[in-house]
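Have a look at this one.
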Amino acid sequence: MRPNGLHSVWDADKYALNAWLSIGSSYSAEVIANLPYDAVTVDLQHGMFDFDTALVMLQAISATNAVPMVRVSHNTGWMIQKLLDMGAYGVICPMIDTRADCEAFVRSMRYPPTGDRSFGPSRGLLYGGGDYAAHADETVLAWAMIETEAAIENLNDIVSVDGLDGIYIGPSDLSMTLDGKITNPLSPRVTEVIDLVIAAAHANKKRVGIFCPDAKFAREMIEKGCDLVTVMNDAGLVRQATSALIKDLESAKRVAAR
Amino acid sequence: MRPNGLHSVWDADKYALNAWLSIGSSYSAEVIANLPYDAVTVDLQHGMFDFDTALVMLQAISATNAVPMVRVSHNTGWMIQKLLDMGAYGVICPMIDTRADCEAFVRSMRYPPTGDRSFGPSRGLLYGGGDYAAHADETVLAWAMIETEAAIENLNDIVSVDGLDGIYIGPSDLSMTLDGKITNPLSPRVTEVIDLVIAAAHANKKRVGIFCPDAKFAREMIEKGCDLVTVMNDAGLVRQATSALIKDLESAKRVAAR
Amino acid sequence: MRPNGLHSVWDADKYALNAWLSIGSSYSAEVIANLPYDAVTVDLQHGMFDFDTALVMLQAISATNAVPMVRVSHNTGWMIQKLLDMGAYGVICPMIDTRADCEAFVRSMRYPPTGDRSFGPSRGLLYGGGDYAAHADETVLAWAMIETEAAIENLNDIVSVDGLDGIYIGPSDLSMTLDGKITNPLSPRVTEVIDLVIAAAHANKKRVGIFCPDAKFAREMIEKGCDLVTVMNDAGLVRQATSALIKDLESAKRVAAR
Amino acid sequence: MRPNGLHSVWDADKYALNAWLSIGSSYSAEVIANLPYDAVTVDLQHGMFDFDTALVMLQAISATNAVPMVRVSHNTGWMIQKLLDMGAYGVICPMIDTRADCEAFVRSMRYPPTGDRSFGPSRGLLYGGGDYAAHADETVLAWAMIETEAAIENLNDIVSVDGLDGIYIGPSDLSMTLDGKITNPLSPRVTEVIDLVIAAAHANKKRVGIFCPDAKFAREMIEKGCDLVTVMNDAGLVRQATSALIKDLESAKRVAAR
Amino acid sequence: MRPNGLHSVWDADKYALNAWLSIGSSYSAEVIANLPYDAVTVDLQHGMFDFDTALVMLQAISATNAVPMVRVSHNTGWMIQKLLDMGAYGVICPMIDTRADCEAFVRSMRYPPTGDRSFGPSRGLLYGGGDYAAHADETVLAWAMIETEAAIENLNDIVSVDGLDGIYIGPSDLSMTLDGKITNPLSPRVTEVIDLVIAAAHANKKRVGIFCPDAKFAREMIEKGCDLVTVMNDAGLVRQATSALIKDLESAKRVAAR
Amino acid sequence: MRPNGLHSVWDADKYALNAWLSIGSSYSAEVIANLPYDAVTVDLQHGMFDFDTALVMLQAISATNAVPMVRVSHNTGWMIQKLLDMGAYGVICPMIDTRADCEAFVRSMRYPPTGDRSFGPSRGLLYGGGDYAAHADETVLAWAMIETEAAIENLNDIVSVDGLDGIYIGPSDLSMTLDGKITNPLSPRVTEVIDLVIAAAHANKKRVGIFCPDAKFAREMIEKGCDLVTVMNDAGLVRQATSALIKDLESAKRVAAR
């Protein structure tokens, strides 16, 4: 089976740079997956598309070296399995609040006897190879999102679940649930929780991924030991480049033409 | 009929900033049309999509103040008219080499007796308003692209065509046809031709639009009096923001985590 | 944030006329949203399309003054939130049978601390504006559908839920669950329940919306004080106009031509 | 090969009622094709969709008894043939101005040695049957549109082309080219031309089809012997039913509810 | 209402041959439904598409005599009902482990008072006919999948559920849950369970359907009395024909050409 | 630039096996491109899809080692160039009847100064690499189809066009134009023409590709020295496998079950 490229990144003691897709376009996905990102995540939760479009995005990413991942809308088995069958090599699952949530998530990701994934890895076979079924369980990454007070209380129970590969942190949702609003910079409470999560995950040999609003925050997270950082989504990249452009054009003096 | 916002920009003696879409996505189109662009051009020639997708992109742009324009693949009447019926408020047409080409282009854009546009302005009526048919001819902009030696020889014949609104310059194609390759900076020959086109267009009361690879070039073009500048396409914005990001992350030192 | 136009309708002591979309087409949606409807509802439950198509329909409606609403398939959080993120300004949720159902529905619609909506209002930001997150909770309408015996028993518990904006009545489903069949005119039992629901909702300062098979029924509902009426869906409009047409053509006598 | 149902209509000395699709939706197409229309025309010229969508519309019509027809954007061979291969049983072609135009159109519709249609009737085989290739030429209808002064001058040359099945009249385009505007009722000049076309077509054993803005005009055309009438398109049906609805609701008095 | 063709097959004491679609294409669906299959199943669980595509596939199948069925991703009411509304005449539901699961599944399939299906049979009306609502419950087939130890333990409880029409066996999933791997030939344990299921189903007057990896296995299952056999999916057919082709070409000796 | 894999096949003195796609599905394309085909051709002429779908099919093929090719509908520059920009590594062009046709075709395929291809290789850059523009002309294959009497008369003029890479033979169209019908086996006249074309092409150092209805014919063509053979299209593979399956099931005896 085609190995998961993120393992090589980490084996080389590097952090992975992950792109985040909210635009439902196979071409946009392929443009981005051709840039120096180690992984590209197709976001089914807040992204503006659904499964039919996710398929062609995953196919487009598959023509590059970037690892195709997805974020699902919810910890729902059929949804997770449909995206695995479409060839996702990693699933980020929102709203893991308890050990039971996490165990159910991991079970959805794994074939029997470990889990309860239904058999029929249609595109998985094409992307992963003919021996997909034998190796999928150890190749495909399961990332749980920690987003609520409840999750923080159950942190150790969650991060110690066998078969879980990593924790993915969404600072916006964390701020909303902890502070009732998003602040920039993050509140001390949120910052403290992030540190807590990183420590607990690493203590349990799990990876840590995090969504970063900008490069400065990403640098801090890398320095704290995060294994995977996402910096803005695709729409954010477009907005940032446009802002830079408009600033660059400010000084232009137009000669009255006619 | 809803007026063409580009006229207001020019009446205020400003240049128009135009975005250029190669990504076939209504959401991407809407994200970009919500940024401070005066116009957004849906590129059917080198863009990675076709009419079905162009429709939803034009609809998405229509929910904003940006003027929806298209570049067609070719100077072919049915193609131009299909996009006008879809509500485009401007058409950029490649490969206008002769006065006859330009006249045919303009005729495709206008209703009889001026032109030979077929009647059936389906979405034009929705975006433009109930009196679309009466005012479309003077509202919708016709832009001819000058891209070849032949076109340069026929420059004055082309720019003087009645009903043409502007000339749009594609420096890449111009370089390919004049020099056989694209250089950065542009060759003196191409630069000279651009000046020639601007002068001829303005002398004939036509607008000038130009595609610019970067902000620096755009500033020069604005200072030369160009009426509309496009700076990179959507894929270019994504690439530029990613480059900036990767540069910003270079200094990040990762602590070995586990 | 862009205000919800339905509030202006009601502030002017008028009822709102709502269109109902079962046809999965952005153009059909835009045609209808340009007619004098105050709101247009994209029906994900019995409509013949899914999220990818719902997006372009919501975008098309957004280019008009009509308020974009959706009916979801089920009281499922990720589904409701996906459509809110796509810019819906109202959600009609089927099968609210208990106070707990209704509270869960309302929580899905609201950001923390009020609810548990996840943060990532992708298209919401474009349609609503940059301050979407701060005002979404009070702008976006939550409509619960009362469709079963159980719901009628729990009527007061449901209509008194804080944060709920209105009750939406589907007389067909009500007839099916109460009578086991759909009658025309409605059975006395169904009629009585409708009156009951209107009274309970208004007593609790909630709006009442209702699906009407024809104009006659809609007039009665308006006279009973309903705040929003839907009269047929898009397919119904097409059928009705065709029936009228065929009746109009009956008298045509064809001369044998050849 | 499955026979063309329009022949049965005409053999029974009836006129055919044709629906006209501008909305790009397979469901809308199926809803309409289930109503008592004898034929349903997928309009690629002014309709808001392209080939990918036309395919699913033709498939949806094929599940009913209505005859699937198309209007192409232009008299261009590959375009006509692509739609024939998709199973269209009739093609309406705009802008036939000369005998040469008409002959080229008919050649595109027919297999060698009669014409130059390329072989590969993919969906034609499914809808028409295994003997499609042997009978397509006599089954599939070729309709030429007469829309300009030139066409009227060449009327007899056009209607006498062998293999042409009918003339389709678009009164709007005729008004635009003859009068420079669309009038209601039609100008005497346009009315006279319509009579002329009907007479010339029938004299040459060709059918006559016509687009009608309303039922009154359709009745007149039926009485003049037209063989096929189209009354409004799908968007027009939706608009008409909405107008009727709003008129029906005018008298509704709303009781102030709260 | 249009009768369910599978009943005629069984009334004639024949087994039904069912095709299985994993490719999301209306044309592929129509090609296959035109072959001598009695039923065609659109697989939403492991197929590479979602509802928007399922719709056009169901429409394409509806233009043929094959019975349109679906396999849903999960025993979830809204999902089952959406596909019924799209005109499915049979639903295969995975992971029915208990009598309660099975009863919930059957309730989702039936209108009140028997079940809790919501009313709005949009495309059902087109495919089934105007009296769809009255006859859908007895026309549309409910197939439960037996896939786990738990299901086998509860076999008699499941097969005796009133309103259930059949059991569908997926040997791959059965092998995964019982043996932890897929073997060829099937393990004695799996074979024994299949026999058990067939006997229990038939004893309870339920039909038995089964997925077969090849014709040999299908023949055995037919001889055991299975009422419906599926042999490979669409991708499998393509793979098999390609293998045969490559074998046929092995002997070809190429003359060096240039 | 990524090299064209067909050159390696031919350099190893092997013939290339090409698949032919008429089904508009990215998944079907990927399934087939993962089988041992050297090239996969996306057929825009008789295939049941258009550009939007061709894009995702080309992307899916790009995730494999098969060379992505297209057949265009017509020798029309914008069409050819749009597909090249989408990353096609070969273009098969129908109806090349004269040297002028062939020269125009080749010019459309090549950048200035050799040809008149417009610059903007959007997806070409992603699939081919950053140096696409410099090497596309020698990497991308131009195949002309010989289909008519006229073409045969002009054979030597056509095959000697500089920059043309190969001739692609469609025996069906050849039979239609030469014999007025398709025979099996091919008529002596068609067989003779095929030999003529192979000889002329090879004498001019051009490759020869041919569409074959079955393996037997393909073996003959390989033995005649053809460089690339296509055997059936995707729909044909499905049909063939189903025929084999049905034959395999004939002997199955069903035990009456209930």
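Labels A, B, C, D, E and F are assigned to the chains in the order they are written; within every chain, residues are numbered from 1.
Criterion: contacts are C-beta pairs under 8 Å (C-beta built on N, C-alpha and C of every residue); 3 or more make two chains touch, one makes a residue touch a chain.
Quick caveat: nothing in here was measured; it's all calculated off a predicted structure.
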Angle of the C-alpha superposing rotation, subunit C to subunit E, to the nearest 5 degrees: 120
Centre-of-Cα separation between subunit B and subunit A, whole angstrom: 36
Gap in Å, rounded to a whole number, between the CA centres of subunit D and subunit A: 51
Set of subunit B residues in contact with two or more other chains: 22, 24, 27, 31, 48-50, 52, 55, 122-123, 235
Interchain pairs in contact, sorted by label: A-B, A-C, A-E, A-F, B-C, B-D, B-F, C-D, C-E, D-E, D-F, E-F
Subunit B - residues contacting subunit D, complex: 50-52, 55, 77-79, 81-82, 85-86, 111-113, 118-123, 133
Touch list for subunit B against partner subunit A, complex: 13-15, 17, 19, 22-25, 27-28, 31-32, 35-37, 48-49, 202, 205, 208, 215-216, 218-219, 222-227, 231-232, 234-242, 244-246, 248-249, 251-258
Interface residues, subunit D side, partner subunit E - complex: 26-27, 30-31, 34, 55-56, 59-60, 62-64, 122-123, 126-127
List of subunit B residues in touch with subunit F within their complex: 22, 24, 45-50, 52-53, 73-74, 76, 94-95, 147, 170, 172-173, 176-177, 180, 182, 235
